[in-house]
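A single structure is presented below for examination.
Per-chain residue numbering starts at 1, and chain names A, B and C are given in the order in which the chains are listed.
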Amino acid sequence: MTSELEAGSWKRTLPTFTDYLWFNTKNRQEFVCITDEVAAIVQKSGVTDGIALVSAMHITSGVYVNDWEDGLIQDFQVWLEKLAPAGLPYKHHQTGEDNADAHLKRTIMGHQVVVPITKGRLDLGPWEQIFYAEFDGRRKKRVIVKVMGT
Amino acid sequence: MTSELEAGSWKRTLPTFTDYLWFNTKNRQEFVCITDEVAAIVQKSGVTDGIALVSAMHITSGVYVNDWEDGLIQDFQVWLEKLAPAGLPYKHHQTGEDNADAHLKRTIMGHQVVVPITKGRLDLGPWEQIFYAEFDGRRKKRVIVKVMGT
Amino acid sequence: MTSELEAGSWKRTLPTFTDYLWFNTKNRQEFVCITDEVAAIVQKSGVTDGIALVSAMHITSGVYVNDWEDGLIQDFQVWLEKLAPAGLPYKHHQTGEDNADAHLKRTIMGHQVVVPITKGRLDLGPWEQIFYAEFDGRRKKRVIVKVMGT
């Protein structure tokens, strides 16, 4: 057996697995818990030890990890409105857009997380939940989930 | 030799390595430099080229990379108090919690970093240091370090 | 063939690939689109499915993903000046430095992104562009690009 054949077989067996989550939120701003959806993709991938990259593919939405508590989610939204208000005379709006604040808000929250996988499961702390944060919704948008490991 | 055996041997030899750092800070808010601890885990892993995911497993602490300079650390803390003050009437506090600001502060700092590994060492710039940022301490909390590579 | 030889051949064939981008901006603050440079490194790596870590190696610059629209870039810069103003009496400046605001600004924007690679290309959404954000330029600084996958 040549090393070339080995390389081929290695390539065949390295588990990288890619899937996409689609969103079309009813409201312009909406936070959606996606922990279960990410866990299902990791299970489908067969990877039992590694990482899952969960990354928004649009620039006015984010992905973050925090608590699944409705009051806190409201606190986040009030806070983001204070730090990055809608309705200011943003230069971006001279292009016809009206969503500059959505770009800024998603920057605060982050647009991606890398989730560790151990023993076949998402290796999350007791209160960690993965969220999709939509800041300019009411249309189809995607999140990529790329799983890598062994 | 069948490809199944090869897959088995590949799985045996792909270095993924997982460890956890524990913290129990004296103060509610405390920043701890963890570069050496992460480097030690990478060395133990045997991985000489790849990445180390360093990620807080609790939702009121963060992990970030920046300068190890006491004045700057104070600047960060003053700044975070301005952007995400404690003591506001957060909705999260209606659950009995008093730490909504800690969730917001850790969001600004980030909750994880991915550190590159090259030639057996953390591939960091001259001033880069890895920090654990505690915003609701005085109890046991964890950071996961997941190493992947070759 | 022993499993040791297999391990050796596996190590030889796992594509991890590392390169560095150098910057020396004319202005103290400058945002530079680096999507093409990252794509070129990924192509050179031969990795067709995996991830590319793109990470600033200096602590007063960042790497982020967002829109390549000049008005929005100006909005980001005005916004960062409001959230993390230059010229305040930062403690960090007692060391002789004058760039504490640059450390804070880069923290808002993030210092690294992990870019998914699928079918030989950066797996980015329609408007996603990768940016280098310099907040204390006019000198040589680096970004590491570490590619991993199959």
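Quick note on the criterion: contacts are C-beta pairs under 8 Å (C-beta built on N, C-alpha and C of every residue); 3 or more make two chains touch, one makes a residue touch a chain.
What you see is a predicted model, and the numbers here were worked out from it, not measured in a lab.
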Copy pair chain B, chain C: interface residue numbering same or different (half cut): different
Cα-superposition angle relating the copies chain B and chain A, to nearest 5°: 120
Mean-CA-position distance for chain C and chain B (Å): 19
Residues of chain A touching at least two other chains: 1, 6, 10, 14, 83, 108, 110, 114, 148
Complex interface listing, chain C residues touching chain B: 1, 3, 6-7, 10-11, 14, 16, 18, 53, 55-59, 83-84, 90-95, 100, 103-104, 107-108, 110-112, 114, 142, 144, 146, 148
For the chain A and chain B complex, residues of the former touching the latter: 1, 6, 9-10, 12-14, 49-51, 64-67, 69-72, 74-76, 79, 83, 108-110, 113-114, 116, 118, 123-128, 148-150
